[in-house]
Amino acid sequence: MTDTTGLKNRGKTKADTEDRRKAAEEFTGTKLDSISRYGFEPELASKNIENMIGTVQIPLGYAGPVAIHGEYADGEYLIPLATTEGALVASISRGMSVINQSGGVRTAVLADAMTRAPVLKVNGIKHSKKVIAWIDSHKKEIDEAVAGTTSHGKLIDIEPFPNGNSLYLRFSFSTGDAMGMNMATLASEAVCRLIEKETGATMVSVSGNMCSDKKPAAINMISGRGKTVLAEATIPRDIVESKLHASPESIVDTNIRKNLVGSSMSGTLGANAHAANMVAALFIATGQDPAQVVGGSMTITTCEANDDGLYICVRMPTVEVGTVGGGTSLPCQSEALKMIDCQGSGKAKKLAEIVASTVLAGELSTLAAQAAGQLGQAHKALGR
Amino acid sequence: MTDTTGLKNRGKTKADTEDRRKAAEEFTGTKLDSISRYGFEPELASKNIENMIGTVQIPLGYAGPVAIHGEYADGEYLIPLATTEGALVASISRGMSVINQSGGVRTAVLADAMTRAPVLKVNGIKHSKKVIAWIDSHKKEIDEAVAGTTSHGKLIDIEPFPNGNSLYLRFSFSTGDAMGMNMATLASEAVCRLIEKETGATMVSVSGNMCSDKKPAAINMISGRGKTVLAEATIPRDIVESKLHASPESIVDTNIRKNLVGSSMSGTLGANAHAANMVAALFIATGQDPAQVVGGSMTITTCEANDDGLYICVRMPTVEVGTVGGGTSLPCQSEALKMIDCQGSGKAKKLAEIVASTVLAGELSTLAAQAAGQLGQAHKALGR
Amino acid sequence: MTDTTGLKNRGKTKADTEDRRKAAEEFTGTKLDSISRYGFEPELASKNIENMIGTVQIPLGYAGPVAIHGEYADGEYLIPLATTEGALVASISRGMSVINQSGGVRTAVLADAMTRAPVLKVNGIKHSKKVIAWIDSHKKEIDEAVAGTTSHGKLIDIEPFPNGNSLYLRFSFSTGDAMGMNMATLASEAVCRLIEKETGATMVSVSGNMCSDKKPAAINMISGRGKTVLAEATIPRDIVESKLHASPESIVDTNIRKNLVGSSMSGTLGANAHAANMVAALFIATGQDPAQVVGGSMTITTCEANDDGLYICVRMPTVEVGTVGGGTSLPCQSEALKMIDCQGSGKAKKLAEIVASTVLAGELSTLAAQAAGQLGQAHKALGR
Amino acid sequence: MTDTTGLKNRGKTKADTEDRRKAAEEFTGTKLDSISRYGFEPELASKNIENMIGTVQIPLGYAGPVAIHGEYADGEYLIPLATTEGALVASISRGMSVINQSGGVRTAVLADAMTRAPVLKVNGIKHSKKVIAWIDSHKKEIDEAVAGTTSHGKLIDIEPFPNGNSLYLRFSFSTGDAMGMNMATLASEAVCRLIEKETGATMVSVSGNMCSDKKPAAINMISGRGKTVLAEATIPRDIVESKLHASPESIVDTNIRKNLVGSSMSGTLGANAHAANMVAALFIATGQDPAQVVGGSMTITTCEANDDGLYICVRMPTVEVGTVGGGTSLPCQSEALKMIDCQGSGKAKKLAEIVASTVLAGELSTLAAQAAGQLGQAHKALGR
């Protein structure tokens, strides 16, 4: 009935892919040679994309190695980064070099929970309270509903937010080493179907945007989503001066005026120089979901100048990463994960610490560069 | 002195790249075969990355074609999308199919300006006012300083935000078909050096986070950054029902509870279902900066059910795209741009309209799917 | 030594007050007759103000009565409102009249906790984790420290937010019928002094702005502060039409475009028409803290048109009120509280429900007036 | 027809007021003696309130005098403050004393515009563009429509924000010495009626929440509403130490951790200690709209320690004040305005500078108190 060749071909084989690509070439009048030259069987990506016609190749480099002393990442890591923004890798690498000379990064994962927040239609306030009471008294049935959908995910909490004839339920799950969005969605939906049956509420949407996935939401910055990670380093004064050509005080000053005050004046969630850059480059390299760069963009960077030199820290409340599932098993992405020993089970928190360490290095380097520009100018002024 | 082989090799040739990759393999104990199998000369990416060791290959598919009736995009476009999230391409394609049957997308670019906001140190309020007065009375010198750094960029405006001993200057530039971040940075810096010389202010950072690049900032949502684009469509009731298995009213209800109310309750900038997904997939495919997905995530989606059926619109105030520069000339990315006739000069606004059209299709499809889930459940309830 | 007469007089008696007033008259060259004509002994306000020279008299009216069916407020209440904004009282009263004819307001208090969040200086991430571990294992000592400062307050929770060398601890207390800010401050400080002694952390500020008092903070909108209250009503279609001269659909339309979409586009916390107006008028009348109007301004108003007519609800996550302490025992304010049977112990939640009911009435009336303006215009258009 | 006695009495005379008060006493079973004892004729408040039954008396004190060197306020001012929060006046006064010893406050008004943003219904994007084009080409007719409603107000700008089938028009007016909300509303409505007639758009609401009045909106923080005011002071190190018992560095540290970082982490618009307190006390004293405390709460406070000691500044982008209209002509409020020479024409900007100066003093005092608490503790620790 429906055409199954050319643009309409929905097949997943190499031949289907070629057929589609040719149809796309014809439709667009464009040769897609580079797109067609990729190094793996399309079936490997069968769960990752539809209408595949090839790949886009993103340049991959590395920054580091960087020394990390975390709870999960402990050692020297060479960080794979996929980007098309010149100077980004070099800048991160510079930050890492300075950090290494200063004893490395210290990291910790403070929280770990994937959230999904369906919205249910209820008959007003009283109904909401009944639904909440039902939830509170049926933990066992709810856990069973979750268990019917996943063996890896475990329900941590359901936080209710009633609002008129809507009831938002923010589910939190531990999702093992998967980023966990699908797991959380399926489990939340199963629980909501149970709630519907037992309470007469109706699920309007399995996501009511209190989750909140891929949107800059204060709730994620405050309550966390995925991993909440901190990374810090202390850079001795002489290293700041000799390697970064700035003073600790000038870096602190830049951080205050730019990241803290400037971000406040512009109504920004988070306060950082360019955290999204590091997150994007590492996410794309390792098969994470690049739309979740949004979560990483809410990083807060703080600096302090003290007797030890420069203290710098990044707080990342929304690091949504996994080491299984998603794009992690694609050939290149899998290799990139292996480069940092983050492929497969038991590695997701380690990856989160590596993300934060990389962001720290990028923040340090950029802040220092801007502070040095300032100093440089001051020097010129003094020299006149 | 410094080692120029292995991990320390900073060369840009194929041989350098191979040398580094082998050193990386050795350092990490990981074979990087897939990463090494790419289809272009590393020198082509010499301005896009450092420490290149290969590429990461992201599956590329297409959605559409979609019919767009815009000011710049006008015709049927097959949209290249790079993603590892299964079902995304299919969902967008479903949205496009429905939109096509309904007469296509209507789009417009409302504004176009790249911003950069240096922060200067001043001696307090009075000094700020003097600097602002100087700027107001030296437009010609300022334009010359800009012209000394760029032939494509043109200064539109400098908006001053004084705050104590800091003065933030938000520069807006038209940047032709480049995304324009670098152009804006260089030109802003040149003007600030002039301001420093003439007024005694000191530039602390060429970015004071009032710009704001790659951060979720209300200022970008309100005042715009890059292209401000709208895309809309009207889907007849019978098509909503037969193709999306939902009613216009149920989609509107989902949009209200989820995108509008849920986003408000979670403190979100923007109000959409998953705009970042579409933006990320299209940005990665076409060599845009994936960290600027953050800007796209502040989309607002509105729906209305009326006699015509369903009206749906996306407002995107921060579409930071270019059709020259950045990653746009890399082989695969260039082909992807050609697929939508967006490579090179005179195409950036067209690309922005295509971005918004793609987001519209993805929003429609996801909202409808969630609304249909609701209907489905209601149907089950009725069937009992 | 210091002058104790005239402007420098720090006494609290009537004579001191007169002495100061005369000095103020002399200093400013202004007769302060009206300010001097007040009806109570200045000593009664000795804990409410320093340098008292009289009072400012705010016109007090009432709206209602309004029928409330809440968990704590149950009956008909005449609402005291202090304002200088003409038409405000009349508008609220109109809303209440319509609500009464429709069966009254339904309310509920969903949460009740006063928060205070000191910030402590720590030696980085590891130290933060130690402090948190200490807190987790010393609940008894912490409760004792709280008990040493208050007999009414009870610690509910301490939520830690580590960030670099700062550790923010968000304390939640039940504070009985006091608004509880002072109680929470003293108890939090006592606990922090204990933490300082035991863990080596240093309290930098008893408020680290994660509380957050009198600031528009997403954390309060999401996690609540003071009382989280909902109020709803259902207005039959015929009453909407005959009394509000609008249709349910036009009110819903106004609510969507103005409160939901407009608030999102302007980057607003909350989504309402003018909740702060009602909160301010009721707060000033009843001796609440008028700076906490900020909390009330984050109300979200939702509307739905259905077979029953118009459903309308306000969600107020931050209603910071008390019926003891603060200005509640001043003569006029005490009388105003008595008007709604809210003076003294056991009344704070009742007051919160009355606040939300009043906000609901004001929102309904204003939305309807704006929708009617629209209709009116439509009528004119039709009549041509 | 309708009952015109008792609670239903809508009269404005003293007798009506008494009649209503007695009815209220009867209805509520409460004697309202204090409320009934006020010092002016109710007719004076006839445009300020309906259903008046008396007044609520708020204790009034003063802080200062404070020395202000502004563009409009220049001299020593004794600041009238109405509050029921003990210690607030004393704390502000302490700040002023320190500021006076340090040479006083320096202030400036950077912008002055009252905004109103109606939302119009349009037939989609193209229609929006037509309406905008019509506006751009009919400035004269628009100015005439404005002139038909006000002789004091003058249209500055109309900023359009199209979004689907809604078009938001943010009108800015200079409103002389009135706060100007009503003036802006009437003028905006008149222009919209003209736009309706000429373009076929329909005004849905005269306020589309892009204004935004009495709501914590980023647009006001960024683009300003009412007066945008800065106030700064420099406190010599010895005065900080001897009078505030803190060091400049400890105050800066408190400001960073609390106001800057804490506010960012809690998703706050603005960054201050308690600006709303000062704004509320001064607004209530002088007959301003207390619901507009919300605008004042978005203040940003910055501090810097340098060779001169402590530099401190408040940036207030949303100071919505007037010296004519509203509650300014009520007897007590009028006297309070006279105390600071701010009654009547030509005084509104002066009042705005006084507001900012008062906020500065309150911020300084509170930050110092918290920093001293920290020091105090440190001293105790040292003494052991």
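Lettered A, B, C and D in written order, each chain numbered from 1.
By our rule, a residue touches a chain if its C-beta (ideal position, glycine included) is under 8 Å from a C-beta of that chain, and two chains touch if they have at least 3 such contacts.
Because the structure is a prediction, the values reported are computed rather than measured.
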A-D or A-B, whichever has more C-beta pairs in contact: A-B
Label of the chain whose CA centroid is most distant from the centroid of chain D: A
Type of chain A:chain C copy interface by residue overlap (half), same or different: same
Length of the line joining the C-alpha centres of chain A and chain B, rounded to whole Å: 17
Inter-chain centre distance, chain A versus chain C - centres from mean C-alpha coordinates, in Å: 37
Inter-chain centre distance, chain A versus chain D - centres from mean C-alpha coordinates, in Å: 40
Residues of chain D engaged with two or more neighbouring chains: 163, 166, 218-219, 221-222, 261, 263, 265-267, 269-271, 300, 302, 315
For the chain D and chain A complex, residues of the former touching the latter: 218, 221-222, 256, 260-261, 263-267, 269-271, 300, 302, 315
In the complex with chain C, residue positions of chain A that touch it: 106-108, 110, 124-126, 129, 162-166, 218-219, 221-223, 230, 232, 234, 267, 300, 302, 304, 311-313, 315
